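So that you can tell them apart, the chains are marked A, B, C, D, E and F in the order they are listed, and the count of residues begins at 1 in each.
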């Protein structure tokens, strides 16, 4: 049960600042589909614009990491933060960018292993090794 | 302040089950250095063996993902779980596997952005789009 | 799917210790509606009383912070802890106390930004500045 | 132990994109002191600028919430995310904005109570009440 | 909405590596019922085997802790990690192992109290007492 | 670096409400040592009393669970919440109540395993089995 309204296309039309962002989402993704996250965020057009501009510049432009790798990192963080919607939307996005079942399986295996050793290291309060020091 | 003793090489020598794992860590990594996590975990040789065997098979063998990508996923999970030791050790490991400053910067940017949208999606309780359904 | 039964008013009637707390909830809130959290917690009347007494004394009496601010802090913590029910119930409570859409939007923006810089600070393991020291 | 270098003023001087942000931080805050978070983030000048611009527009301009309330919300999120540095820096910031001991005590009390009921609601998997529905 | 397919018994039949694990789950638990977690994990038979083998050796063999205590620890971790499925499945498992309502109530009370003092200790950044040092 | 002052015995003497709680801590534990958590919390005597009274009634009186089991549940929650101080203090407390190395090792193993399957279940968004329904 959402805590804000999910704005329809008709409602977005009536808010120019939100409409401009939705137009850019559609143009950037070359698709008419705009998912619920943006329809919820559109209740605050200033934050909608801020988050979309950042996401667009971080996730869609050329960079040092492969676009699929970026989606897998996103899934990893979303899992550890227990964000159901984010896990679902970014798994769909990773699949759309070509993630294979084998890659998905390996991603989940690493996430699970990391969680396991994270908890062990915290429970044992392991002190940092001097060898880790940044040169 | 660790909650268990960090076993020295001399103490490890006296525990054959732990010694066997330490020998395998050194052989696999081709290095004499064994970091504190394993010295702490060695207090429970059965778990030491279990965790090392899993980590070895997940992180060091050939797979569907590049070894450096695996380390970056590990950093992402460790950050979201607030595991200081894990962030430090896996950042060092990623650097040892060739992570550039540009890749590190992009990794951190994605982690931060994911955390931001994770919290927004949770605070708004955005419902899943039917379009995300696995075929 | 709840892991405990949600007790109905008839079932509460049969447990005097729970009944007393429900009576106080209704009297304090000047409303007959008692939400599911208390119906679940009523399976353990001692904890029901303990939690309600604390919540009543922390959230409803006059204090150093405005009642609406208290609800917004509650939403912030609940979001970071990924508690769906708590986000939903305290957003409803904040609205009932007069939270405007602009305030809600700003609250969400701050929560998202804090999460972003939280993750960045953890991933970089930034050391405390001596200037933060409590005098 | 930081996972990136903390850039000194001399090092910042040599990176024009970072220098411009540091100048703006100093001008906005009317203080020469720039805390470690920004010195760490300056390793990636693009993200430094992005995060600072967002933080400046969210935390320092006039808005729907009092500046001190914003800092208290920041502390709440940082606590639940277990970000030590963020708890320390934003508690110092809140004090600088006039947070009294009584307000700090009440903030901590609410954070603790919220965490308690968050965990209870998750452990009992309490279903949302229809009454919470956004109109 | 799951991000992977939940494999049916017919689909499991066609994957010998997954079939062997499902046979062992059924034999170990002396029950035909195999819950959804394993049907999801079966998409990656190697990880299915690894996780089941670990879970079997940790949760079902004789050890230093009572089997019911192990389930209660599992519920505690799952709650703090906000894993809905895990809270539900391990609460059912604990009940099947004889957990009484009184024990469940006390477990939840401790989880809630721990969460409260965890957040207070983090918000206050309490330094470790030298008295905690492991001898 | 604490965000509040750690009150000394002399400072506690001057605050009757805090002094009364410290006296009760000492009497209940039959020890003069009062650890830093309470010295930090004493800055807010009302919350000090509330938290101590709850902790005393939950952790020290006879109940449905063994006192050592309660401490182990506390460690489990504190680990998942990444509370360093809490992990350290409750591990010390568990040892003081007789926790053996074998029990500690098994506790850590379960915590690590639970974290692993928590993350897997979240990443796969496994739906609840109808069989888990509370009767």
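Operating definition for what follows: contacts are C-beta pairs under 8 Å (C-beta built on N, C-alpha and C of every residue); 3 or more make two chains touch, one makes a residue touch a chain.
The structure displayed is predicted, hence computed values, not measured ones.
A.B. asks: Using mean Cα positions as chain centres, tell me which chain lies farthest from chain E.
C.D. replies: Chain D.
A.B. asks: Could you say what rotation angle superposes chain C on its sequence twin chain F, using C-alpha positions and rounding to the nearest 5°?
C.D. replies: My answer is 180 degrees for the C-alpha fit.
A.B. asks: Using residue numbers, check each pair in B-E, A-D or B-D against B-F and return the one sharing over half of the contact pairs.
C.D. replies: B-D
A.B. asks: As a quick test, compute the distance in whole Å between the mean CA positions of chain A and chain E.
C.D. replies: So the centre of chain A lies 27 Å away from the centre of chain E.
A.B. asks: So how far apart, in whole Å, are chain B and chain C when each is placed at the average of its C-alpha atoms?
C.D. replies: 34
A.B. asks: Where does chain D touch two or more other chains at once, residue-wise?
C.D. replies: Expected reply: 1-4, 47, 50-51, 54, 77, 79-84, 87-88, 91-92, 105, 107-109, 111-120, 122-125, 128, 132.
A.B. asks: Classify the chain contact graph as line, ring, star, complete or other.
C.D. replies: Contact pattern: complete, every chain touching every other.
A.B. asks: If we count contacts the way the header does, which residues on chain A are in touch with chain B in the complex?
C.D. replies: Per the stated touch rule, the residues are 1-4, 6, 33, 35-37, 40-41, 47, 51, 54-55, 58-59, 63-65, 69-70, 72-74, 76-86, 88-89, 91-92, 100, 102-103, 105-107, 109-111, 113-129, 131-132.
A.B. asks: Touching chain A in the complex: which residues of chain D?
C.D. replies: Per the touch definition, chain D meets chain A at residues 1-5, 50, 54, 57, 128, 132-134.
A.B. asks: For the complex, give me every residue of chain E touching chain C.
C.D. replies: Of all residues in chain E, those touching chain C are 82, 87-88, 91-92, 101, 104-106, 108-109, 112, 115, 119.
A.B. asks: In their shared complex, at which residues does chain D touch chain E?
C.D. replies: 75, 79-80, 82, 84, 87-88, 91, 107-108, 111-120, 122-125
A.B. asks: Report the residues of chain E in contact with chain A in the complex, numbered from low to high.
C.D. replies: 1, 3-4, 43-44, 46-47, 50-51, 77, 81-83
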